[in-house]
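Below: a set of structures, written as structure tokens.
Next come two complexes, and both contain subunit A; in the first it sits with subunit B, in the second with subunit C.
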Partner chain A sequence: MKSRSLLGDAWTRLKRDRFAIFAFTVVFAYTFIALSAKLGWIATPWDQSVGAAYAPPSFHSLQTVFGTDIFGRSVFYKVIHGTRIAMSVGLVSALISVPIGIFFGAIAGYFGGRTDDLVVWFYTTLSSIPNIMLLIAITFVLGKGMAAIYFALGITAWVGLARVIRGEFIKHKTRDYVVAATSLGASHFSRIFKHILPNVSHFVIINFSIQFVSAIKSEVILSFLGLGVQGQPSWGVMIDDAKLELSRGVWWQLAGATTAMFAIVLALNLLGDSLRDALDPKIK
Partner chain B sequence: MILSSFSRSGGKPFLSYKTIVITGMCAVLGLGLSGCFSKEKQFKNTLRLATPAKIKGLDPAHSDDMYSGIEVSRAYEGLLQYHYLKRPYELEANLAESMPTISKDGKTYTFKIRKGVLFQDDPCFKTTEGKGRELNASDFVYSWKRLADPKTVSTGWWILDGKLVGLNAWRDEASKSGAADYTQDVEGLRALDAYTLQLKLVSPSAQILYNIAQQFAFAVPHEAVEFYGKELLNHAVGTGPFQLVEFNGASKVIWKKNPTFRQQLYPSEGASGDREAGLLVNAGQPIPFVDGIVTTVFEESQPAWLNFLAQKLDASAIPKDNFNQAISESKGLVEELKAKGIVLHKAPTLDVTHQTFNMADPVVGRNKYLRQALSMSIDRAQIIELFHNGRGISAQTPIPPGVSGYDEAYKNPYVQYDVAKAKELLVKAGFPGGKGLPELEYSTMADTTSRQMSDALAKSFDVLGVKLKVNSYSWPEFQRNIREKKGQIWGMAWGADYPDAENFLQLLYSKNSSPGPNDANYSNAEFDRLYEKSLTLMESPARTILYKKMAQLIVEDCPWIFEMHRLSFGLTQPWLKNYKPHDFDHARAKYYRLSK
Partner chain C sequence: MLIYILRRVLATIPTIFGVALLIFVLFNGVGGDPTYQMVGKHATQKQVEEVRHEYGLDQPKVVQFGNYLKQIVTFDYGRSFSTKQEISTMVARGIGPSLTLTVPAFMFTTFLSVALGLLVAYFRGRAVDRIVVFLCVVGMSLPMLGYILFGQYYLAFKAGLFPISGFDYGWPDRFEYILLPMLIMIVVSLGYDVRFYRTAVLEEVSQDYVRTARAKGLSESRIFMKHVLKNSMIPILTNVVIEIPLLILGAFLLESFFGIPGIGGITIDAIHNSDLPVIKAMTTLQALLLILGNLATDILYTLVDPRVSLK
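Take a look at the complex of A and B:
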């Protein structure tokens, strides 16, 4: 029987899971929408009035399927641009936090001793600060805008991954293949990144999807609190608007933003679960 | 006072809203209150009102919030009061026999005190076995010295601070010696005889009479202060139309008609339209008409609203969130409430909202045409509609309707929404199509409504090609920035302390620049000259002309983007008569009549 690579094997198993395929499709669709909005292919311009203020949803045109907001702008377009913001925040902040988590987890687990003490102390201290407080403090320091949000979410979200990676490295560093690599004269760098890391990479992939979700949620919360995105449509800003609009019966901004958010968060969670099942070598 | 910029859904913006809420009320709510049934039954003809905040106490010297002020004004009175019906607001004599005679130099005021006015019967009058004695001029000397006494720690001392000759010296003496000497003569505050009070002012002031009409300056008998001490907060011994039955500041205050109240008559003239509105039906009849008042504290607006709908309150404001339930799209009452006979009262509030340009800023402060262009890019009708449920009128000058100097017919050319004209002005300013103009900065608060308002402003400017960057801050940060003259544009609102355009024009007097109330840091020598001149004048056509001239200077220089004067909306039950919204008359419930 022909042996398959880890990823090839995972893909085969993922394909069998219908939920996973559904989740994968949703994530892919969101990515596509976000990219198209970014490139200006769809939903432009979002900031022009397309009707009266607070017009309810109607099917006369695509622009008004989710109704309009206080300035008569299309809620549907705002949801699409909210997707763009959410996906970019999820992606960029996960891209920032994952390497940090890998780096600290790897050196702590691999070297142990003083290095381990120091890294553990550092991330314990960091995680003892309530997350939302830390985010607020960082956005105050960095000012407002997308860059600040990427950065704030990126540098606060790596602790979970670092913990997992550290544990795995402690386990793996005494395994035979690592000992063998050592005796062949492999450097620390080579042992960490060439030998151990590929063997724990499935944790990284799972964590990536989890962090994607938490970054999206954090962005929404920050924007809801008025600390997030400025001058651009964001799901959080839309929910913040809805806070006041609901009492006058305007539910469509809330519905649009939360539905969009619900679908992507659910899909990413399902995907994370399926990935774990597919990638974990133990449940073959 | 400054109103928290724009979000007007929190903080003082509620001046207008709360003023009206006051007129809501309750009768017999729930359990726990059953104890007061018997007391309420004594007088069927009882007014049921609501108040949105706890009543701190009933001592005039400490009644610095409006809600305490209103309760205090049921039992206590001052020399002057506001005419209930006339607009613009006008003072009239109350405990004084007539308006004071003022010396030629404008520094000496002589009041004749009304004869035969009795304090309410109270155990504190020991020598007369509880019978209230007659009010005399020395009661005012005593009450105002008490306001100045550092031991009173009054929050209303500012109304007399630095205004009466010798009173500040008396206060300093008292804080030095540790005990105030009430027998010591103060030159600026003397009772010449039992019915004559003489004030000597440090400098002429047209505003002193408004100060005297505030509740801090009401007459408190020394017997009550001596008898109750600190407990005076829970008692009321004045000359007013109502006598305290029960005081519980956290839940309810019950009043009954004061049997020894002097004869006071309902006004027999009013503003135009009052006769048609049925406000003069009771002209010349003795007041009060009701036998009692029950004020219930509702800290949440929703229960007060529901009680009003259940007819357990005689009047109510309209909570913002219930606005659509009460008001139809044509800004009238919805059919359902109309059918119940409920009456809608709209009244302008003495305030102005505006966007401020920082005149100390090198970009917006030095270019008049730029400011005018930006001002013309704003569709005020839309802003009023979107953010204030249509409750406002577009402001043309800083002077709101209701005070002299307001001119209904006047249209400020730079307040008109005209994009073409705005673009022309922008060319004149040297920035055709916004080219060459750096991104402007807008300071605002981080709440939802402020963000939406900034969005609206940015959209308006964007049409001209002017880019606006929004920086949101917390309220303290926001205020600090302004005090330090940072930032370029921000939103502000001002609510009147007294009905005089001076209270608005002082916002642009150069000597009041930040950290003073002139947050625009506007400075115009001609304006300053006119302002200083107007301070020495009493209410007169000459002064009104000065006010209008000053308003003209501001219109042309455009240090503010004028937005609106807000309207207050209040509702009353069909049986509540003689109700008219009023910004300052806290004692107005004495004019109300119930006809069930």
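Take a look at the complex of A and C:
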């Protein structure tokens, strides 16, 4: 029988999972839209008037399919730039938090003892402060803007991953293959990163999708509270605008932002589930 | 047993100290002088000095940290910067309205989601299960702000089914105002909770003792009722207990939108007013309550699960 790698096997399973295919498609589409907006290929300029203020959605042109806002700007373009912000917040914050989570989880689980006590104390402390309050506090003291959001989300979101990685390292460090590596003279560094880490890497992938979702959701709430993105069209800012617009019967800005957000969060949630099913050897 | 509980209580001290240190560093260290956040950039030198003195910010950092620890122990967080009220009084006044919203919402959600979770776990793998799980994912993907705004505009404003916002301290009038926010809160948390309880039950279903019971010839429904249910009570109870202390804090987006004068609403107001002492106090309180919830579940564990050793 031909043996298959964990990832190869997971890929075969994912291809058979219809939800996973849908989720992948949506995530790719959003990534593509975000990149295109970033590079200025589409939806530029978003901050220019394309019609009357609060014009309802019409199919005259692409710019007006979601109507216009108070300054006559295209809501559709704003949604696209909101996508750019959301995707970059998800990506950057996950890129910050994943290495931190792997590092602390690995050294705590691998070395045990004092190191473990210290790391566990540190993340228990961090996770004792409810996440949203911690984010509010950090963005509040750091000042508003994208950099503060990246940083705040990045340094708070690693705890979940660190917990999982620590648990796995405790299990793996006494396994035969690690003992074999030790007797061949592998250093601590090489045992941690070359031998054990590849065997627990699927948890990193699963965690990545979970963190992406929570980052997107947090950005929207922070921006809504006025602590997030400034001067750029974020979904949170659009929802905040919609608070006052609804009483005038202007629903399209809210609908645009929430629909865009719903689709990507749904896709990432489904993707997380499918990845767990495909990658976790326990539930095969 | 008592010694175990005492040890667990003592074990929270380093965590509380860590939380205090972190919050202190965040608010009094990283952010620079918090005075400017409160008075704005255009205040005169005299105003700055006054505020600095009033909040003890002209003292050395070590003394400030000592004062902060004292605040945590005595529950006296000083005065709000924007309303000048005692923060402890504000909190005390906010607890009632917050609990009015969160307790019934929590009870309904827990009851509904445990029932649904058990039901779909029993029918695992079948169509009912798959549909409910999918609906849960859809439900938890919808943004809460969307629920709030649509609910407030269409159900309350347009259809007139509920009051748009406000609060009444009288009984039972206050329930009229919390009806819609409560409904939203239930819908928002249902997706997560049903999935959580379903997973909790399913983890028990794959255990060895279930196989043994099946081999013994027990019927599926009997295995489920007698064995699985009892064992899955532990994760269920944990999840319930851990949330109870947090109910005091209310739900800040809902309270803010629906004008409920609870703790969540106070926090949002503080953020809008750059009211640093209040934000700091609320962050601290939330963390303390979370630690309390964890402690309560740990102790409860030993009471309900004989397998947990009292090491």
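The rule is short, and it goes like this: the second predicted complex is superposed on the first by the 282 of 284 C-alpha atoms of A that agree within 3 Å, B and C clash if a C-alpha of one lies under 4 Å from a C-alpha of the other, contacts with A are read in each partner's own complex, and residues count from 1 in each chain.
Convention: a residue touches a chain if its C-beta (ideal position, glycine included) is under 8 Å from a C-beta of that chain, and two chains touch if they have at least 3 such contacts.
All values derive from a computational prediction rather than experimental measurement.
Chemist: According to the contact criterion defined above, which of subunit B and subunit C contacts more residues of subunit A?
Modeler: C
Chemist: Please indicate which partner A:Leu225 is in contact with in the superposed arrangement: first for subunit B, second for subunit C, both, or neither.
Modeler: Touch partners of A:Leu225: subunit B and subunit C.
Chemist: Let me test your reading of the model: by the given contact rule, A:Ala52 touches which partner, first (subunit B), second (subunit C), both or neither?
Modeler: After superposition on chain A, A:Ala52 lies in contact with neither partner.
Chemist: Could you say whether A:Lys144 touches subunit B, subunit C, both of them, or neither, answering first, second, both or neither?
Modeler: first
Chemist: Scan A:Phe71 for contacts with subunit B and subunit C and give back first, second, both or neither.
Modeler: After superposition on chain A, A:Phe71 lies in contact with subunit B alone.
Chemist: In the superposed arrangement, which partner chain does A:Lys243 touch: subunit B (first), subunit C (second), both, or neither?
Modeler: So A:Lys243 meets both subunit B and subunit C here.
Chemist: With both complexes superposed on chain A, which partner does A:Leu184 reach: first (subunit B), second (subunit C), both or neither?
Modeler: Touch partners of A:Leu184: none, neither subunit B nor subunit C.
Chemist: For A:Met261, select first, second, both or neither according to whether it touches subunit B, subunit C, the two together, or no partner.
Modeler: The answer is second: A:Met261 touches subunit C but not subunit B.
Chemist: Where on subunit A do the contacts with subunit B and the contacts with subunit C coincide?
Modeler: The answer is residues 225-227, 243, 247 of subunit A.
Chemist: Hey, which residues of subunit C end up touching subunit A in the complex?
Modeler: The touching residues are 14-15, 18-19, 21-23, 26-27, 30-32, 34, 37, 137-138, 140-143, 145-146, 149-150, 152-153, 157, 246, 253, 268, 271-272, 274, 276, 279-280, 282-283, 286-287, 290-291, 294.
Chemist: Residues of subunit B touching subunit A in their complex?
Modeler: 320-324, 385-386, 446-449, 451-452, 455-456, 458-459, 470-472
Chemist: Under the touch definition given earlier, write down the residues of subunit A that touch subunit B in their complex.
Modeler: 47, 53, 70-71, 144, 225-227, 230-231, 237, 240-241, 243-244, 247-249
Chemist: Taking the complex as given, what residues does subunit A use to touch subunit C?
Modeler: Listed in rising order, the residues are 121-122, 124-126, 128-130, 133-134, 136-138, 140-142, 217, 220-221, 224-227, 236, 239, 242-243, 246-247, 251, 254, 258, 261-262, 265-266, 269-270, 273.
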